[in-house]
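Scroll down for the structure; my scribbles are underneath it.
Chain IDs A, B, C and D follow the sequence of writing; residue 1 opens each chain.
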């Protein structure tokens, strides 16, 4: 069994990792950390795991973590870049679900995350963990930067046409809607049931931390800089991201549907829906699948791309586990092969 | 007391009219129709009205309705255009919440609503019931076509800049999110709790009936044709529409905030929020207010306009009542002056 | 205008008072306190109040509050008993929405609230604020202890039969379900959207602070001690309490329906529903009404009493305002006469 | 592979069977029926199954179904009793999720279901499918009557103490709360999102069809008749039943906790929680587990038993699959071993 550590096991991505790893046949959670809950069993905090998880929270400790083959960081930004150098030195491979190693330009990192980057060498080495783009590099990486939730949806929606150079690369609009787990399991007024239920609002319109990550990656696909307007919305649901993306194709008559079907043929976790369908977020609830649909707008000049993922699975812990599978030679779908839960 | 009739009193806009009229000090519901519920008290079907409403459903009958001063149609399209001519002939003034008299071009009507228009003269005469645009014409109208829910939000969001000629009139994106009351009180699988809860999806991307209505009206504001991409989304909440609108101003440095404040100064039901705010739909739940906020996107070329309304109030019954107040000389806010219910 | 102060204006009962007082024609909020939000406008925190409320938060100060005619305490327990003596001395009348003055026995208070009672004289004088039981005493009180949310529903459900001596006074079961606003507007993990949505659980089964309050009051109605099992449940909705109460009548053949109709005849805020109906909490959302229905269980020995209130209105701020109206000579329904908001 | 048929595959229990069978390693859905959707792929109606299910709806046909080893009926009552005789004659084993074979007394069946029972012989033979009570009989049955959702929760909550003869067998109260999937996937006004959300109500207080089923089974456990008051409530959540049960033990000092732990030791799908815990329905969402907790009420005479299940899994399709596993020699947990999905 591959020995796994999870740093920061009390947030929603941490507990989702525990749920997914409970299905996994080749990995065992050896170390699970939480400063605050140290000494408690995980299934005491998360009774849904009773019978599936015997892990006990402990304070984070390099020596203990160094006994693992892989360590997931499900922490706020700033933690992984402090601990990663020592762990990698001891041969531990890291999958970081935080933002620490996603942005290649450390000035951009500092501008958006308000702290200097303290592990610049590793930043250069880190592999961006989107398997559909480059699973080979992930498989050999010592450090994987698992993508953000919004960036995953937007990248999978745009990758095929950007790779083909088929889009105008300015004026792209990504109107994204997220469930409330996206705000994390912190005790904040804005995330209270009675604040978030039965209401929808935009936030961060003037600038959101996922914007530079999205623009960086789209530029990689396109081979040129890409300019995007990105507006996230808080939606009264637990899980799910729905990205509605508006682009102008250079050739409006291109057969977009077949391009997507071709690009994602054989991908276990990208589902290009039949023409005319609209993905609903519940159809991916609890699953690692990204469903995509393409619609021509009535003006015939605009293409509307719809993408739905579960922000905690394909948008976080599921994608991280997919990378882990690639890194440790497991079938890519190990622990990720269940259908969505709907209704 | 002004005598009011409501045709189609069992849908969500019908019962919302009953709720609002319960507050109104100058109107009384004389006739309330429903073929199916004929003979039942309204408060038997809608116990929230117990003590507020003594109306009893009856089958629709021209003679009975002709005794009213005003008749609201809260019916599917096709009903009002059949009954309106006879009622208007007898001096009844009509506020139609359906789509029958919104589209001025009868070919466009027929293309989108799949039926011929049978009251062409009245169609020409009908006044589009958006008081913020033209309250004078509404006040004198015999027949008011109350705007659709999405069109109300989009029009109020765009009117100031289109009137000023300050926007590029192509490539406008209106990404709209609606609560489930927008789908009506029909027994449909897609509107079931377990189908709609905890999920979000786009629908009608290839073409929605509100698109021609929006484009018609925006052209009125702009004095030229306006081209729009409009994508509606079904959102897991009861009430509320949130429009997120992406436009390219001709002069990106214009002081948009002050233009909106000026345009809507004194409007009782349009609230231009302070710079930096994001309206949430619950802040207008049950209220006739439209809240608007303006944000410059990070690219400095795109302006993002956010507008939130309650689809059943400002998006339907509240706006219809606002028109009624104008038509019958009541204060415009009569019956509409309560604050929103949040949380 | 009667000058009103609100201590603790940032919780859900505080903001609900602001909403209700916005409707009130004889009261004006002079002082609104919050240590944390001091200096902010109320409508900045609560945008649903924009246009309805010009109050600005300030730190609580006896001198400022002493200028009011009435002060509402919408605070956690322990605050009112410290400030009330000084305010009453200066002629201010107090409506306390917290638990400080509900329990007449200070030992019981100390056992359940884990603090000594420091205003014993006032505790004796305080009037329990359930108008349907004793509006005369409320009208003349200097200090009203506004009932808890669960106790309000249970008392109104049981009062008629206990007053008649018609029930076995042991073995009563009150199975109660509350919306999440009942947990307050504190940033607590358990109240997060993603913790509370789409789930139901019981809590405090071994003992909840509202139990002694309920038992105290039921004993007043019955003229003898009453023994109750009370189990509250957290329900995924914002507002609403539904009490399902199981009792054994001494005479199972009594005409319970008519007894309730008689007892509550003329009560503006108690609605005894027709036989066979089931109240739903949404039918009282935002309203001060308590709806009650009576059902004989199939065993013919058990009577099931159903009661629904909005926990923030009849269960807190609405009832407090009802008491205020009685105390200051306003019509009892002033500011409380709107119908519920449904859907 | 064991060949499986599902009659009535478009309801919530039908599609849940498809989800669970997608995990199952020894069964394949050969026949899936629906009169209305005949010819459509299942994953067209239920996109969450894309990639997991190749079944196509067909009209129900005895010849086709007779090729299966097992047929599940996920139909309204009345269907299975018509088709079961012919299928059993041809050697097909049946698991009926409807109510047709649950009630042993055909007069009771007729009284509650308003139709005569037309397969009396099979009714006598049918085995009630609660594995925790009698897995041996299920394993050998030709026809299993899968229990109702409420009855499952109530039976598992009460079985240990009734078997021990430790309870007063009159005056038991079962206050039960169900998610909206319990109302089925029919297009009914009462099940609309906007009717069911953000509200709670009791229903069927004067008598619900699950009452005779519960009383019949409790009598089997107790060896004497048991009298129960059962009140179901509609709760704004998709999945989940929470039963709150009030009983009077003969010996209030009995160590109930250890009796339950002993009774359910080794049961894969019953989780007796540690003393003091409260099960929440989300902790069993999507899982076949029933979580139970025991609390002494403050009066020391009443025992409160809390039980939570997912109504679609342990309350319907999961339990049916558990019976199928027993009948066909699969490990009892086959296809049912995933943890719950929370949040």
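Keep in mind that, in the parts below, a contact is a pair of C-beta atoms (placed from the backbone, for glycine too) under 8 Å apart; a residue touches a chain by one contact, two chains touch by 3 or more.
Computed from a prediction, not measured in an experiment: that's the story for all the values here.
**Q** Would you kindly say which chain has the C-alpha centre located farthest from the C-alpha centre of chain B?
**A** Result for max centroid distance from chain B is chain D.
**Q** If you tally the C-beta contacts for A-B and for B-C, which one comes out higher?
**A** A-B
**Q** What whole-Å value do you get for the distance between chain B and chain C if each is reduced to the mean of its CA atoms?
**A** About 37 Å separates the centre of chain B from that of chain C.
**Q** Measure off the straight-line distance from the CA centroid of chain A to the CA centroid of chain B, and report it in whole Å.
**A** Comparing mean C-alpha positions, chain B is 39 Å from chain A.
**Q** For chain B, give me the residues that contact two or more of the other chains.
**A** Correct list: 12, 179, 181, 194-195, 197-198, 236, 238-239, 279-280, 282-283, 285, 342-343.
**Q** In their complex, what parts of chain C are in touch with chain B?
**A** That would be residues 12, 19, 22-23, 46-52, 181, 197-198, 238-239, 271, 273, 277, 279-280, 282-287, 289, 291, 338-343 of chain C.
**Q** Quick one: which bits of chain B touch chain A in the complex? Just the residue numbers, please.
**A** The contact residues of chain B facing chain A are 170-171, 173, 175, 177, 179, 194-195, 197-203, 205-207, 211, 227-229, 231, 233, 235-240, 242, 244, 246, 248, 276, 278-283, 285, 295-299, 302, 304, 306, 308, 342-343.
**Q** Along chain A, where are the residues that touch chain C in the complex?
**A** Listed in rising order, the residues are 12, 179-181, 185, 187-189, 191-198, 236, 238.
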